[in-house]
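Scroll down for the structure; my scribbles are underneath it.
By letter and in written order, the chains are A, B, C and D; residue numbering begins at 1 in each of them.
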Amino acid sequence: MALDVAWALRWVRRTAAVVAEHKTELMELDRQIGDGDHGENMNRGFTAVVAKLDALDEPPAEVGDLLKLVATTLMSTVGGAAGPLYGTAYLRAAKVAGVEALGAADCVAVLEAGLEGIVARGKATTGEKTMVDAWTPAALAAQAAAADGASPEAVLEAAAVAAEAGAVATDPMVATKGRASYLGERSAGHRDPGAASTALILRAAAATAADPSLGSVA
Amino acid sequence: MALDVAWALRWVRRTAAVVAEHKTELMELDRQIGDGDHGENMNRGFTAVVAKLDALDEPPAEVGDLLKLVATTLMSTVGGAAGPLYGTAYLRAAKVAGVEALGAADCVAVLEAGLEGIVARGKATTGEKTMVDAWTPAALAAQAAAADGASPEAVLEAAAVAAEAGAVATDPMVATKGRASYLGERSAGHRDPGAASTALILRAAAATAADPSLGSVA
Amino acid sequence: MKKLINDPARVTDESVEGFGWAHADLVAVHTDPMFISRAGGAVQGKVGLVSGGGSGHEPLHAGFVGLGMLDAAVPGAMFTSPTPDAIAPATIAANGGAGVLHIVKNYTGDVLNFETAAELADADGIEVRTVVVNDDVAVEDSLYTAGRRGVAGTVCVEKIAGASAERGDDLATVTALAEKVIANVRTMGVALAACTVPHAGVPSFDLTDQEIEIGIGIHGEPGRHRIPMAPADEITAMLTNPVLDDLKLAAGEKVLLFVNGMGGTPLSELYVVYRAARTIVEARGGVVERSLVGNYVTSLEMQGCSVTVLRLDDELTALWDAPVTTAALRW
Amino acid sequence: MKKLINDPARVTDESVEGFGWAHADLVAVHTDPMFISRAGGAVQGKVGLVSGGGSGHEPLHAGFVGLGMLDAAVPGAMFTSPTPDAIAPATIAANGGAGVLHIVKNYTGDVLNFETAAELADADGIEVRTVVVNDDVAVEDSLYTAGRRGVAGTVCVEKIAGASAERGDDLATVTALAEKVIANVRTMGVALAACTVPHAGVPSFDLTDQEIEIGIGIHGEPGRHRIPMAPADEITAMLTNPVLDDLKLAAGEKVLLFVNGMGGTPLSELYVVYRAARTIVEARGGVVERSLVGNYVTSLEMQGCSVTVLRLDDELTALWDAPVTTAALRW
């Protein structure tokens, strides 16, 4: 199955559904080491994205066009730290997705571009207990899979697995970026909410790639 | 035993001790239908009275002088509604206690004068769920006892018993005076704190009259 | 009970001392007996304004001492009206030779203590008039009861009478204007959570997480009735309508709309209530000419608010707008 | 959770609408995107001041829009920084042709969103400078972290930069003065009880009745450490000493002492803390020249306070004293 605009639409809708489903979980994570709004912020953003999609008369021509719509919508509705960070991630990803369908190499490029966007804005590196700790292993795993000649679906699956592992790996970390850094040592022992939402987003990508029924409008 | 200044001193000290002992109880009663400070107010007042007594080089000549000291001290330290009310009660009582020792008739006069003072200031009548509902039966019982030729001690005992019954009788009343009146019907089912403190004061009078060991400085 | 205090018995003293240090340009604090007067002392030839009452309602009354408002304030113990031996010297300190007006909130304790103090001041040859504020419509009024409580409307009385005195009106005029405000101001309040008096250590009443108390006073007394928690618009209607009914506000009449916080409610929520109250006032034809939103007559950290409406005419509006320089109100 | 709100999703909109109605003489409220600007609009030739951040800190920032302070404020959702599409138009509305200063509290979200907005405004040919307030000494500062938070000291920056802009200083001068305040202001806070964000419905952290949280921010984040409840004087020392140490205050230096309430603490307690803080400052040789006590940078109904010290010189004192006419601060 091609990772075309139809898939991208399902990916985004699926992401919105999953974020809504995990809203309280993300808020609780943020309540532990932040200010408790991450679930609310992400849900507000993706709800707005879906509203925009519903309003489209015809789907965008290229995957990149869709990602750009997601980027601008998140930037103007999410707020907080996650808004500009995810917004920039989708924006950079959009730039390298000017195709009708993503091949394995495109998937890697999209993930790398997204990561670069987040790092460019947030100046965080791995180990600082942020979404970077989910994005980085995801991008690396995608590269490796693609190098082994994996299919686009398999590349996304590898990325999702790595992102999920990366999110779990933030548990023991002491935050040095973002709101959690104010807690110093007390931030250890909690999962970073942004890393958790990143895992949800990338899992949604892999799941919709593997199962065409997921994310289609009911 | 004569109800002289020595007794009056013991009465006042005993009152202070009893009020301190029942402070939280009086506050809880006031919390139910008022603003919860009656115990605090009374305790602040009688603590100040005792301090004044301790500072005296020689005891006052007449019972009235002592009651006047109590009156002015309560007025300037109790505050709230109880301050001026009890202050006036003791002031009026002092006027009719210009003797070295109270006889049965003096006891009746003191109680009547105290009641008149409270009514003059507070304009309450019986049944309005105030201290008047403890003072009134006390004064009436004292009159009756004196008419039957009872001893001063017996007159005070009759007054104390009646005051205690009067306080209990305020439970079902709906307050129409004082802070409790703001509660309307909801004030029923609670004892009036001022009536309760009146019962304590008059019980202390009877108890110290009956038992010379009570209220003497430790 | 967790409070930023040292000793419950000293909280009022320490708080007033801190207030005096923070606002030395405006006020002078006197200790035993404790009262607060204007830094400059009495203004010669001006009618003096004195108010007071139990502590725990800050910024009332000390926060309103200054140009255009009070000349002296007398704080009692927490929720306990002050004693005559403090009110009397405050009255003397406020006297500029033109007499003194006592602004008393209608509570038996306040009324009786100010009454005695007035007698004492009178004995010193000071002419004292007294007005009793009773704006709380939650309490049924009657000749045979203690009558209505004085609550948030007191701010309107102190501001307008203060402006009258400041412009040089005589005692009779200042008193008449204070009475005019009292005749035209009404208030009703709600509590979402009770407050805890330091020396008591327990909440002044107990509310579950699903209940609110309608018709509360400012001393943590329970209210008239208890209802299930409701949206702000509904609660505001329960406060605003009785106020407007009691005022018999006619369409086209101008008003001051005052939403007062009880101390523990965020400002953002007070503006939500203001929005709802204003919508109701205007739906009934009232014209909101002036507004006040904030914590002015509080009940320690109680959560809740009250809605006050003052019927305005040009004279009252002008006096409300007159300059005021106090710790809590200035323009 | 009991709050005077209707719908958690609409509380900010309704609150800001109410604010606009209550202060129509001072501000104009714009909706989607939502921001508050001066009633008169931008002042031609004057440097514009724009600040903003998550809601729930009222009166910050909207309460400081007006003569002598801000030209526009941008409220985000509760505790969530606003988005560039709201900050940019606010910046344009504040521009009087002399450029605009963004006053940003140091939170990743605020910094990033204002950054993007500045780029957008710049694209419209508006010169934008940005200062980042980071006065919270509870957070260890370092090149490798998000750095210190911006908390109550923001009021000092907005007041003094506002006075500078109002007297006609150019963008470079206004920016330099804002930076000077930031370099000389420090704050530390404590929470006795957490607040509850409407859409969350649960307290932002859990404290027992015997614990307090030292070093909290203004978004209900937990603090640096948790200690047993203590008397106000001890708690105040734990806040004031780190502030003075970090400021390296020398004997004889003049300061502004600012005790800020977090929203749910009675004013009387804030004055008890002010008294304790002032005693400490003076014991260390500091000279308290100016004071501010009240709820200015809040965290909804959180119980607690913060102590802020600003080192003053004659220029800063004069700018602090300069006239200000806003909903929350006026003299």
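Basically, contacts are C-beta pairs under 8 Å (C-beta built on N, C-alpha and C of every residue); 3 or more make two chains touch, one makes a residue touch a chain.
A quick note: this is a predicted structure, and the numbers were derived from the prediction, not measured.
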Inset, instruction - Using the touch definition from the top, list the chains contacting both chain B and chain C. - result: none
Legend entry - Whole-Å gap between the CA centroids of chain C and chain D: 29
Inset, instruction - Would you kindly tell me how far, in whole Å, the mean C-alpha position of chain D lies from that of chain B? - result: 55
Inset, instruction - Return the distance between the CA-based centres of chain A and chain D, expressed in whole Å. - result: 33
Legend entry - Separation of chain A from chain B, taking each centre as the mean of its C-alpha atoms, in whole Å: 76
Legend entry - Residues within chain D bordering two or more other chains: none
Inset, instruction - Any chance you could list the residues of chain A touching two or more other chains? - result: none
Legend entry - Touch-based graph of the chains, sorted into line, ring, star, complete or other: line
Inset, instruction - Return all touching chain pairs. - result: A-D, B-C, C-D
Legend entry - Complex contact set, residues of chain A against chain D: 27, 31, 34-37, 40-41, 44, 75-85, 121-122, 176-179, 181-184, 186
Inset, instruction - Over in the complex, which chain C residues touch chain B? Could you list them? - result: 33, 54, 76-85, 107-109, 112-113, 115-116, 138-140, 142, 144-146, 149, 197, 199-200, 202, 204-205, 217, 219-222, 224-225
Legend entry - Touch list for chain D against partner chain C, complex: 1-7, 11-12, 14-19, 21-23, 55-56, 58-59, 63, 192-193, 209, 212, 229, 231-233, 235, 263-276, 278, 288, 291, 293, 295, 298, 300-301, 303-305, 325, 330-331
